[in-house]
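Several structures are given next for inspection.
Next, two complexes with chain A in common: one pairs it with chain B, the other with chain C.
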Partner chain A sequence: MNQALLSKSRLADFVSYLVSGHKVVAPVPLQEGRFKFDEVQSLADISLNYIPTILPPKKYFMPQRSTLLRYDLSKGQDMEEMVELEKLVLFGVHTCDLAGIQCLNIVFSDRPKDLHYLARNNFITVIGLECSDYCDSFAGCAMLHNHLPKGGYDLFLTELAECYYVHINTQKGEEMIEEASIFEAATKAAEGELERLRSRKKELFTSEVPIRYQDIPRLFEETFDSDVWSQLGEKCLSCGNCTSVCPTCFCFDILDEPELDLGSGERVRVWDSCQNEAFAAVAGGDNFRKKRLERQRHRFHRKFKYLMDRYGRLFCTGCGRCSRSCMAGINLKRTISALIEERG
Partner chain B sequence: MTRPKVAFFDFSCCEGCQLQVANLGEALLDILALVDLVEFREVMSEKWSGRYSVTFAEGSICSDEAAEKLRKLRERSDVLVAYGSCAATGGVNGMQNRIPREKLISTVYGDQWRAEETRGVRAIHQVVKVDYTLFGCPINPAEFLRLLTAILGGISWHASDNAVCVECKFNENVCMYDRGATCLGPITRGGCNSWCVNNGNVCYGCRGMVSNPNRAGAEEVLQAHGLKPELIAGKMGMYTGALEADDGT
Partner chain C sequence: MEAETVSIENSGYRIKHGLLSRITPLTKQEKLLEIRLPEGEYLDHDPGQFVQVSVFGVGEAPISICSSPTRREAFEICVRQAGRVTTAIHKLCEGDVVGIRGPFGVGFPVLPLEGNDILLVAGGLGIAPLRSLINYIIDNRRDFGKVDILLGCRNPESMLFSSEIGHWQKRIDLNFCCSVDHAAPEWAGNVGVITALIPGVNLYPLKTFVMVCGPPVMYRYVVDELLKKGIPERQIFLSLERHMKCGLGKCGHCQIEDIYCCQDGPVFSYQKLKHIRGAI
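== the complex of A and B ==
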């Protein structure tokens, strides 16, 4: 079975089923029309219509801060490796964020494999939710081909008039459907409705910037010395918001934190950012990217050039978080447009 | 093994940063097992005449007498920590360097005042060499413990040079700018775990700015949010008046 239907009136029952056996996290409302992924107890806690959360679901796969190992000097060099595992269901993930998780999976599966990440990943069930319309004007998902589902989930829900069309992508997802026993078999009528929704989306979601996906890396290659970067450098405050909220930024720092007995302690991993002053600083006081323009350019090249070269995929998901949270109004889509215009 | 001799001293300040240590609770007992606390006016009356392993100096330096006392402390200390905003950046006392003294005094005390003579406000590093700097008004207890264990355990430690926004995003706060307020988080030195914003307040910039702030860019952002240049200068200078002598930031 690859598809199923869930009556809208049973969605609350499905969430209750999930909550009965798992910790469930889903988008919940904050002030000012903002959202975050947080633990929920029922459907009533969840915002099904939401713009991208402040932090992407990345925080469950690679937390802002996590313990990698514990040490105790009385045991010499023996260190106890730690993985903070948490079994959870991620409910209501949009296609942009599914793409973000896929990007992280690629990076952390590359050698040397990141066992902490991969172990956590095994404990997380992902239930996607389709957007039938744009969330807001910051989104660039069509340019990045992420407005439609392309895997990365266990189950994926698309809202139709009377029910949710459910794609089942993994055995784990199929087992859930069977155990919940509130799903029905997919019908021809529902399939037709899904197809019509998808064709409507094709009209609605068109590349937000006039450039083809495959041409983006070349644009960045050809505009390395563009004035656009100087303008960004002048505006940027180096607050790090763009990278903190990015679903595919994965840089981190590692710190040793002793307990008050000084003999034992933890080695922790904390998110770091190429926008931070000390990120590219080295012993002796040199800094490889002292200028803000270099750091902003680096961020863009990481999304649109370097990782494409390495992994054959763009590392921007089009979620729009960086633009939404930029203090200085640096806008990803406008930046790409400006580069296109300057190159001619 | 003798425990390291640790002492706390204060210059021009409210002593609130030392209070953060007095209020540590259980962790204070662990610290006392680790160190020999030899002087700490706020919690004990004993004095020490030998060398200090680690000296925490709170407050800014506003007189020749204070500068002389600090120099002597430096000579007697293996490690000297500039402790809290007044020590690290001059703190709010630094306003004296930006605003005429008479105007400041009459604003705060009206005409009923009697004040000691002062001669400019200096942060600790502007008078003597400092080994570590703990920013914050007040200092953050968790950061104090990390610094103390790093010093005693021989692990390197650096004050954060990330903006407050970094930790604020980690904490997934709704941005103060989205809530219709302005905030100095984007250019203020972090390490406080966005303490104020977590509790519903804006960032006042108590740790001073990051080492390489985009001041002009930040002014532009604040102006776009309706702040007049004079108010922006006042906000940015509230904790950094004494540093203007350093490098213009």
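== the complex of A and C ==
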């Protein structure tokens, strides 16, 4: 069975079932129409209607700070490799964020594999939730082909009139459904309703910027010397918000954090940002991306060109977080439009 | 269901214990460290590769391996005191232990060099990775054609490996030429930039492979001179220095366009680099 239905009145029971056996994190409301992923106890805590959370689910896969090793100098540079694990159910993940998790999986599964990431990944169950309309004007998911589900989840819920249509993508998902025993078999009628919803979405979600997915890398290739980058460079404050909130930014730094006794401590990985001025500086005084425009261009090119060359997919999910969080008003969709306009 | 910390094996961040078996000061700023891995383990590197050297509590620094892989019982690194980690390394004594990860990356192409002539161009600390190659060549000298070494440094006092260089100069199967930026009048050698030495080298361009390592500013000029001599682009190899944290192609610090210097390099052919904006 790959499909099931969950009546709307039983969604609360499903969440309770999840909470009874797992730590569950889901979108919860903050002030001013903002949301974050946080631990929930019941459906009442969850915002089913939410726009992208401030931080993407990346924070569970690759936390802002995670331990790589624990060392003990009293035993002569002794160390043990570590990973902090926590069984989690991520509930209510939108398709753009599912795509973000897939991007991270690709990077950390690529050789040499990152066992710290992969161990943690195995402990996380992902339950997706379909959007039926745009989150807001910053979203660009259709341009990036991420408005429809393309895997990356154990279960995926789509809201229909009376029930949720559930796509079961993994054995783990199937086992949850069996254990919860509140799901019903999918019906022809529900399938028809799902199809109608998807075709309505195809009309509603049209590429937000006039460019096709496959043409995006070339646009960036051809506009490397564009004025648009100098304009971005002048505006950007190098605060690094855009990279922190990005679901596919994975750059990091490695630091030692000694205990107070200085004899032992942890080597940790922390998020870093290519927007920091010293990110690409080396001893001897050279800095390979000294100018803000170079760092901004690098950020965009990583999303739309470099990682495409390397991993065969665009690393922008269209979630719109960078544009939403930029204090300088740098807007991703407007930037791409400006590049298209300038290239002609 | 609290978070638990579990140990994992074979993490890319695991370090090996490197015993500092000998420390030789080379100049005021640089020290040569001989390192032995536990139980005589062979590092098994290629000339031009690097290791991450760590001092727990301070951090890690990428450092080129400067000894030849033909030497199996120990390897050497030459460390310039440049900041926190390198200062901590400088404070260590013989018998102390550092952490070693690696070797990482792609080094100088060794096999294609066989039977061909080799020109090595080193600026400053760039002699460190090239010394690995030079000693490799010396240990397999029959397999290579003519070997020319050009070395540039700030002044005679900052010259690294000077006694070893003395031996190279005496060998009939190596041509060695050095130039310093500044020197006292009694200096008998050349004064000027290293690029000025290139036109004078007697070489067959199509049969010559060139390996370059030095400060970033040097590369453009050196490459121009080499191209003027008619050396094909695919026979020029440059070692790039970038900020490197993980060495595993993940952290992003060493990235130039779609390449990660730590894994795809640090050594690249000019044929490849000329298409990569911001590489040299």
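General remarks:
Just so it is clear, the second predicted complex is superposed on the first by the 343 of 344 C-alpha atoms of A that agree within 3 Å, B and C clash if a C-alpha of one lies under 4 Å from a C-alpha of the other, contacts with A are read in each partner's own complex, and residues count from 1 in each chain.
In this section, a residue touches a chain if its C-beta (ideal position, glycine included) is under 8 Å from a C-beta of that chain, and two chains touch if they have at least 3 such contacts.
Worth saying up front: this structure is predicted, and the values here are computed from it rather than measured.
Counting the residues of chain A that each partner touches, chain B and chain C differ, and the larger count belongs to C.
In the superposition on chain A, A:Val245 makes contact with chain B only, while chain C stays out of contact range.
Touch criterion met: A:Phe108 reaches chain C, while chain B stays clear of it. Applying the stated contact rule after C-alpha superposition, one finds that A:Ala190 touches neither chain B nor chain C.
By the document's definition of touching, both partners, chain B and chain C, reach A:Leu262.
Using the contact criterion defined above for the overlaid structures, shared-chain residue A:Ile330 touches neither chain B nor chain C, since it reaches no partner. Contacts of A:Val83 after superposition: chain C is touched, whereas chain B is not reached. In the superposition on chain A, A:Ala139 makes contact with neither chain B nor chain C.
In the superposition on chain A, A:Tyr71 makes contact with chain C only, not with chain B.
Overlap of the chain B and chain C contact sets on chain A: residues 256, 258, 262, 265. Contacts from chain A toward chain B in the complex involve residues 30-32, 34, 36, 54-55, 64-65, 234-241, 244-245, 256-262, 265, 271, 273, 276-278, 290, 292, 325, 327-328.
Within the complex formed with chain A, the residues of chain B that make contact are 27, 30-31, 33-34, 145-146, 149-150, 152-153, 155, 158, 161-163, 165-166, 169-170, 172-175, 177-179, 185-187, 210-214, 216-218, 220-221. Per the touch definition, chain A reaches chain C in the complex via residues 22-23, 67-69, 71, 73, 76-77, 79-87, 107-108, 110, 112-116, 119, 224, 250-256, 258, 262, 265, 267, 272, 274, 279-284, 286, 288-289, 294, 298, 301-302, 305-307, 309-310.
Interface residues of chain C facing chain A in the complex, by the touch rule stated above, are 1-15, 17, 54, 56-60, 80, 82-83, 86, 97-99, 215-217, 241-243, 245-246, 248-253, 255-258, 263, 277-278.
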